[in-house]
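Both complexes shown next keep chain A, but they swap its partner, so chain B is in the first and chain C is in the second.
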Partner chain A sequence: MASVSANFVCSRTSVRLLNQMMTSKSLRLATVGWGRTPGFPRLTSSRFQISCAAKKETVDKVCEIVRKQLALPADKEITPQTTFTDLGADSLDTVEIVMGLEEEFDITVQEDNQDNISCIQEAADLIEQLVASKS
Partner chain B sequence: MGASTKPRLSGMQLQVLALYRGFLRAARMKSPEERSRIEALVSQEFRRNSSQVDRKNYLYIEYLVRRGKKQLDQLKSPETVGLASLNVEASQAKTS
Partner chain C sequence: MATKPTRREVLSLFRSLMRTAREFTDYNIREYTKRRTVDAFRHNRKLSDPAEVAAAFADGKSQLGVAKRQAVVYSLYAPSIKSVMEM
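And then the complex of A and B:
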């Protein structure tokens, strides 16, 4: 049985070009759920946006918190693309991590955003967005 | 599976996670030592259930979620200062 898998590759080159054009827009990459939810993409939250990479210190802080929560050994490497499941976290751990991040950055993550966070980069981007919209 | 990096969580799983989140949020409002106790207890309970309870046993899971919601409501009330649990192990009497 032939199976086709399409991979979403966020091509950084095109993002960089756009970043140069639009300097201070904070935009977010859409993960339009292909076939996950039947029907049309949600019109409530417009998600067709492109993300500029979150600040390095945000990503580092996130890594720090993740390490602490999951009690990872110090030599375990964490890149922004590492998903939480790669690190052996289940969904309960993910909830704990997000709560820890909420506390650290003094933000409140909404319910529907929580489910989208699967890797460190996404978490950092979301945090940046929330911090920016709060201030 | 598909290309999405998000795990495909069912409605029931989302309910359970929302409940867990609710507990963690409620725990924040109590005193720090109580908070760590609550977090430890809740996390232990949820993990135990996740491994022991069959994921197709919808009826039992719904019951647990309902019970959890009631407990959470009680916990949220400012008069409640803590959470405790009692473990009873039923020992099987050997009959020869």
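And then the complex of A and C:
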């Protein structure tokens, strides 16, 4: 993740993206700094993990689309780690979900990328990556 | 007769059909294509006989050809206003 964000800072100069990267980069720098003292990082490190991987809104949108596609009841719990097969989706459902995500975020997912998507977190990460590389 | 298509090929055909459906300018045809591909693939999901599977796959491929050509033709006569369903 760190190397990817470094690339963005070098090649793209849009201010908005820089701000985004700055906030995430500053969070990561803080983690490195705190690593020296034992006991302290435990509380903060789990939080940093989530915010650096994919934005919460993206994960929420993905969950929403998955829920609608598989017609899940409203009380069914969906965490970022739930795989699609857990929710009772077969490969056709997975392709449909990816299509829905492509439409929602206006991206194009390649064949080989699509095979790697198995859980919601991975889908959100891939979306973030594609959206960032497109803009 | 063609040999039984692999899972990847089948999914690839499914994706191609859905992608082609997106290119239609007409809302109704777009929705129909998506609906029909989903229904057809689900209906044929349990097929096990290789000959049947190959026949269904060949049928799907020819339909994909039809859809692609029609998408081009329809785009020549696309209406300028959006359908009310899309608003």
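We adopt the following convention: the second predicted complex is superposed on the first by the 83 of 135 C-alpha atoms of A that agree within 3 Å, B and C clash if a C-alpha of one lies under 4 Å from a C-alpha of the other, contacts with A are read in each partner's own complex, and residues count from 1 in each chain.
The criterion applied here is as follows: a residue touches a chain if its C-beta (ideal position, glycine included) is under 8 Å from a C-beta of that chain, and two chains touch if they have at least 3 such contacts.
Owing to the predicted nature of the structure, the values given are computational and were not obtained by experimental measurement.
With both complexes placed on chain A, chain A has more residues touched by B than by the other of chain B and chain C. Of the two partner chains placed by the overlay, neither chain B nor chain C lies in contact with A:Ala132.
Using the contact criterion defined above for the overlaid structures, shared-chain residue A:Thr83 touches chain B, although it does not reach chain C. In the superposed pair of complexes, A:Ser91 makes contact with chain B and with chain C alike. Once chain A of one complex is fitted onto chain A of the other, the partner contacts of A:Glu111 extend to both chain B and chain C. Residues 90-92, 95-96, 99, 103, 111, 114 of chain A touch chain B in one complex and chain C in the other.
Across the interface of their complex, chain C is touched by residues 90-92, 95-96, 99, 103, 111, 114 of chain A. Residues 2-9, 13-14, 17-18, 20-21, 24-25, 28, 43, 46-47, 50 of chain B touch chain A in their complex. Across the interface of their complex, chain B is touched by residues 5-8, 31, 33-36, 83, 85, 90-92, 95-96, 99, 103, 111, 114-116, 118-119 of chain A. The touching residues of chain C, when paired with chain A in their complex, are 7, 11-12, 14-15, 18-19, 22, 38, 41-42, 45.
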